[in-house]
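There are structures below to look over.
Below are two complexes that have subunit A in common, paired first with subunit B and then with subunit C.
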Partner chain A sequence: MEPLKIVVAGPVGAGKSTFIRTLSETEVVDTDALASEEIGKQTTTVAMDYGTLHLGDQLLYLFGTPGQDRFDFMWDVLSEGALGLMMLVRGDKPEDFGAARRLLDYITSRHPVPYVLGVTRQDQPPVWGPEEVAPFFGVPQERVVGLNARDPRSAVGPLVRLLELMVDE
Partner chain B sequence: MLIVAIFGSLTHMSLDDLLPFLSSRDGALELFNLKRLPQVTLYFQKGKLNCVYLGSKPVDALQARSVIGELINTRKGSFEFIPGARAKGCPEMLGWPVDRLLISVTTTFDEFAQLSDRLPHPETVFKLTHIAVPDDTRLSDFWKRAHIYLQTGTSAKELASKLGMPLDHTRFYLLKLQQLGAVSAARAHTPKKKQRTSAAARLLGSLKKRFFGEGSAWSH
Partner chain C sequence: MTKQEELQGILRELKQALPELRSIVVASTDGLPIVHDAADAPRVAAMAATALGLGKRISQTTDLGSLEETIVRGNQGYFVVYATGDKGVLAVSAPADANLGLIHLEARSYAARLAQVL
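Here is the complex of A and B:
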């Protein structure tokens, strides 16, 4: 059976690498490098993160995209033929919403890929909830899910929602 | 015979320095040796900017706004003022009061600078969400020219080429229209595929079993 691919995208520091580490059952392959500019953390993903998840006899690849604009060519490379797109944004960092919307708009207008928007850090109030984030992004409420990327049962929520939406299409 | 009354370099005197002075004079300001534009000629009469020529052709209101924005930010080029010169063959008189033009354009481009990291990607496709001309004249000029293309969906890159505008200005206007809810990203159509739906159903069952146990209820 052909492996399927889920793309995890979002601005720098949205929690993409954490999300993949939490869900992956294999050691995550990352391409972190020391940040060359002030981005609020010491290292950042420069090509992709890669993790795997076996669900029954189906192998699922989890690919995390780099968050910085200068790696935007990777957004297309990774989104091509993906089963779904998981866009993550930090709920406690509204200043990143514009960049996240820009990225979501870009990928979904170019690739026919089902998507959900995950709002991270729901365990660390004060934080924007999914209901407040949806109108800003101009996406239907059912496509926005809150999560804590460090907790497996919470992190899996957006993935469950994505698959439910695909089943209900 | 025309007499060149006023001349100089934009390095030492920028367009925003010149505009207040021009608000009380009739004539044409020629700007040349510009880095990113061919020769530009601005025609003034009775305190109003009436016509803008780019090279040998007059431009419409939308392009004129972009040209003025470029000129205000440029510090490389030369200018000469030709007193009494009048525009010939200008398709529409702009009639923009010079004193307000400066505020309008500088406000737009200050905002533009602040939003530069949020401008949509050049290749993101946008579509109209409703047809209503925005009240803001800065946007309505863009709207009038762009809405035909936005009805079927287009990107900033395509629009810039069709409208003869700088790409970044087009991205700025699209962002402003998106903020007003007048356009939104056109999500690529995801064709319903039986194969994908059944794969999703299979994965969903396995996922719930893995993370929530056999028979446990999943609750959002």
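Here is the complex of A and C:
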């Protein structure tokens, strides 16, 4: 079976690097730099994250993007040849939903691939659940999955859904 | 003298030392411009941070030791990003006929000075 390339995108602080670190079976390639602006964390991804994992027999390559808009050129670079998009957004930060919606449009308009919207921090209420986020984004309920990016069993859920959609489409 | 003025001063000196440079951008390692003489500094700063961040990781992964610079060479010139301490990057752009050895020599020493101020 051919390995599948999946891009992991989302606004800054969505949990993209955490998601890849949690799931990768191989040593993660990350590119953290000290954050010089107030973004609620010490470091930020400036180029990419890279990890790999198996779902059953299927090998997946995960390519994580930087979150800040100024790195938008990397969204295109990393989306090249991707077969699926894992979009993450913080469920406890609805002010990020607009930016995430625009990012989802930006990537899917240039790279029309199946996507799943993962709503992170489901373990930290109060948090928006996937069923509340789907109408906000105007996307089908089946494409929105809640997760805790730190928990392997929870984080793998949206990837399984994405793989199902990729097989169907 | 403020930190910004001090950095501006170093940038001016670097321009005098290497007049063939097309542009100079000093940025934070997370891609925000600090001092520069480039029209499109925000974009160049972000790309310089990406190039350096990726270069550092490649250097580590392939056992090259700590990164000194990342070089992009096109048929019309160079874009070189120098590590500038832990917090900064120094990106210079130069035409294809520039003396790259001389640029390295000067830019590395200016990067070290910038790093002390950052």
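Just so we're on the same page, the second predicted complex is superposed on the first by the 159 of 169 C-alpha atoms of A that agree within 3 Å, B and C clash if a C-alpha of one lies under 4 Å from a C-alpha of the other, contacts with A are read in each partner's own complex, and residues count from 1 in each chain.
Criterion: a residue touches a chain if its C-beta (ideal position, glycine included) is under 8 Å from a C-beta of that chain, and two chains touch if they have at least 3 such contacts.
What you see is a predicted model, and the numbers here were worked out from it, not measured in a lab.
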Item to check | Room on subunit A for both subunit B and subunit C (clash or fit) | outcome: fit
Checklist entry - Where does A:T52 make contact in the superposed view: on subunit B (first), on subunit C (second), on both, or on neither? => result neither
Next on the checklist: Going by the contact rule set out at the top, does A:M74 touch subunit B (first), subunit C (second), both, or neither?
Outcome noted: second
Checklist entry - How far apart, in Å, are the nearest Cα atoms of subunit B and subunit C after the overlay? => result 15
Checklist entry - Which positions of subunit A sit in both the subunit B and the subunit C interface? => result none
Checklist entry - Can you name the residues of subunit A that touch subunit C in the complex? => result 29-37, 44, 46-48, 66, 68, 70-71, 73-74
Checklist outcome for this item: Note: in the complex, subunit A contacts subunit B through residues 4, 55-56, 58, 60, 72, 83, 98-99, 102-106, 108-114, 138, 145, 152-153, 156-157, 159-161, 163-164, 166-167, 169
Checklist entry - Where on subunit C does subunit A make contact in their complex? => result 28-32, 42-43, 45-47, 49-54, 56-57, 61, 86-87
Checklist outcome for this item: The subunit B residues in contact with subunit A across the complex are 117-121, 123-126, 155, 178, 181, 184-192, 196-197, 199-208, 210-212, 218, 220
